[in-house]
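Dropping the structures in below, format is structure tokens.
Each of the next two complexes has chain A plus one other chain: chain B in the first, chain C in the second.
Take a look at the complex of A and B:
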């Protein structure tokens, strides 16, 4: 009797959001399309990236742009041995808190690395870019280790 | 100088695997044959559609299957005027909570072939089914409900009637 076999089926539910970026993130994304990473200077002098639209201390609008290096240092990291479909890389990779040269705060991104043993806090990394940028954070597709770095 | 980005596409897709469970499976198999069915609680006698295998009021398992009518009563409704992206139905259209005869709770479906201004709570309606060859394991087997030429059901009687909605 097959009538008691439970029915099952895969489903996909999609929320097709279009988001407005605002003047600050929109400027940041536009620069990414040119392989440039921009931060803003906060009221306390710190350079913040990704750039917040308003100062985290005074809540005043921020508009002093600072171009950062596309290299930086890993402050902390987490290895993803088995990436899922929604992850930015489909081979094993590391989430990293990377502080770009010229910035005073780290941001989160992903690091392509040959093995977990190759990753360490303090490692130098550089940005990798997609071939056809469209003005999204994923234009900066990942970071990779700077070879020969033994700092 | 770079050009600012004004908007970005940021879709979110949720992929999941739905397992119906025993009671809903029985319901869906009946539905594929063009029959609405529910389950009766052994303690409070309420009939639920779609059946979930237990009574939410009493917390006991439900086993007894009840074949229901495809006629029912409008318990509540709303008229949708705003188009929803991706929705093929042109507004304005009526979405109604319909209590099928023989059940004690409603399900949501469309109401059509009607004058939207005359839709009302207590209105009698019947299912309009797709062609039999299109039936599958889904409520979409019913295209929509349409008004019946029958007297309205008093509000306090909706969902309490034993069988046809007109008896008692």
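Take a look at the complex of A and C:
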């Protein structure tokens, strides 16, 4: 009896190409790697962040950049007592809608907080950064509460 | 414009885990059921077939093509698919008939959500640069929306519990429901938070299953000689994919669709609403302009069982069943898709 050779090859499920993030999203992500958060001014004058490539109402291309603070205020939040394996933080944390100073709309990201009781709408938070940025939204690893916030 | 008749509808039970049954095995009994209602043998007897499903559930590109095995597509049939809830497959089929390209259509939707972690899977349908890399799950998104409504005083936790209570109670009369019972408001409110401010009971369960429907011109329905209801209106509107660029405390697109159809122009006896989270039902009733005279979600709605990619079609089917049975003269069905009610479809079903 002969033994047949079984073909064995490593297989990686994934795209075999890289995507360009383009002049708007790419500019925003590139700035994140430098710990800067950029918004873009919409047709109605509102500063939008993260920046859409086209105006959400008029569909006009948007290119007027506005640098925002890396601090802001919580507009809404929810408490994840048991994070899922995919979540960016693996200890209990909050998702927040945070409106950065200088922006007219909130953005969604995660908030590292000691307990649910420490989080409230209106709380001030600041961005935290990863040590080695790669130009992704996750370079902004999370937000944290601004200490001594009693607003 | 050609009038559209709904002539048949069937839905599988909503089960938490369909076990070894694959998608084709979930679909086939529903197809057989709607064929039997009309008195036809197979998909060759309709002019067009359209399905709704989500390849992300199976984790493979073009996974929906396998669903066609349930049809027996030889000799070749005219067939289409939407990567959406099958309510939008119904919409495509309505257009096909109205344009005169078909006189009848079979629509089906299916989802086997149990093999994965549905809220996580759906996070990958968010925009690929800003939100999907955070793996922001659907329950958390809805919880952010719920807090906005609670803190603005637009809804209360008690009202949300009332929605859940009514769903469970109504579901006792629905043998296909996954969750039914008679919980007290105090018990519901005493439940631990899941993703605060949402409790687990505020969230639709994860269900496996399928649903199917046959529609036709009124003339074709009469030729078949089966009871039918008229689909007198169908419209859908979409809002920005970024939840932060819209007012999450209102469903603008639902209101626009309802106004375009004239939902409030005549009494609405029954409404079946696709609200995967309790607070969203309150929001949607408001957007649809429904009053006290309307019975909302007599089936229990999706809080009693949520067939991903078929629940929207099932809402239309539930209204159809009640209109044909003479329990309602005019009903409204609603379907939703996308994060926090991004995209909404409204349909009106009336007696023949």
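General remarks:
The rule we apply is simple: the second predicted complex is superposed on the first by the 132 of 151 C-alpha atoms of A that agree within 3 Å, B and C clash if a C-alpha of one lies under 4 Å from a C-alpha of the other, contacts with A are read in each partner's own complex, and residues count from 1 in each chain.
Following the convention adopted for this analysis, a residue touches a chain if its C-beta (ideal position, glycine included) is under 8 Å from a C-beta of that chain, and two chains touch if they have at least 3 such contacts.
The structure displayed is predicted, hence computed values, not measured ones.
When the two complexes are overlaid on their common chain A, residue A:110 makes contact with chain C while staying clear of chain B.
Of the two partner chains, chain C is the only one that A:121 touches; chain B does not reach it. When the two structures are aligned on the shared chain, A:81 is found in touch with chain C, with no touch to chain B. After overlaying the two complexes on the shared chain, residue contacts for A:31 are found with chain B alone; chain C is out of touch. In the superposition on chain A, contact is made by A:135 with chain B only, not with chain C. Once the two complexes are laid over each other on the shared chain, residue contacts for A:5 go to chain B alone; chain C is not touched.
Of the two partner chains, chain B is the only one touched by A:15; chain C is not. Shared interface residues of chain A, touching chain B in one complex and chain C in the other, are 21, 25, 29, 136.
The touching residues of chain A, counted against chain B in their complex, run 3-21, 23, 25-27, 29-31, 33-34, 36, 135-136. Contacts from chain C toward chain A in the complex involve residues 117, 119-120, 123, 129-131, 133-137, 140-141, 143-148, 151, 193, 195-198, 240, 242-245.
Interface residues of chain A, counted against chain C in their complex, comprise 21, 25, 29, 48, 50, 52, 56, 75-81, 84, 86-88, 95-97, 105-110, 116, 121, 136-138. Partner chain A is touched in their complex by these residues of chain B: 2-22, 24-26, 28-29, 85-86, 137.
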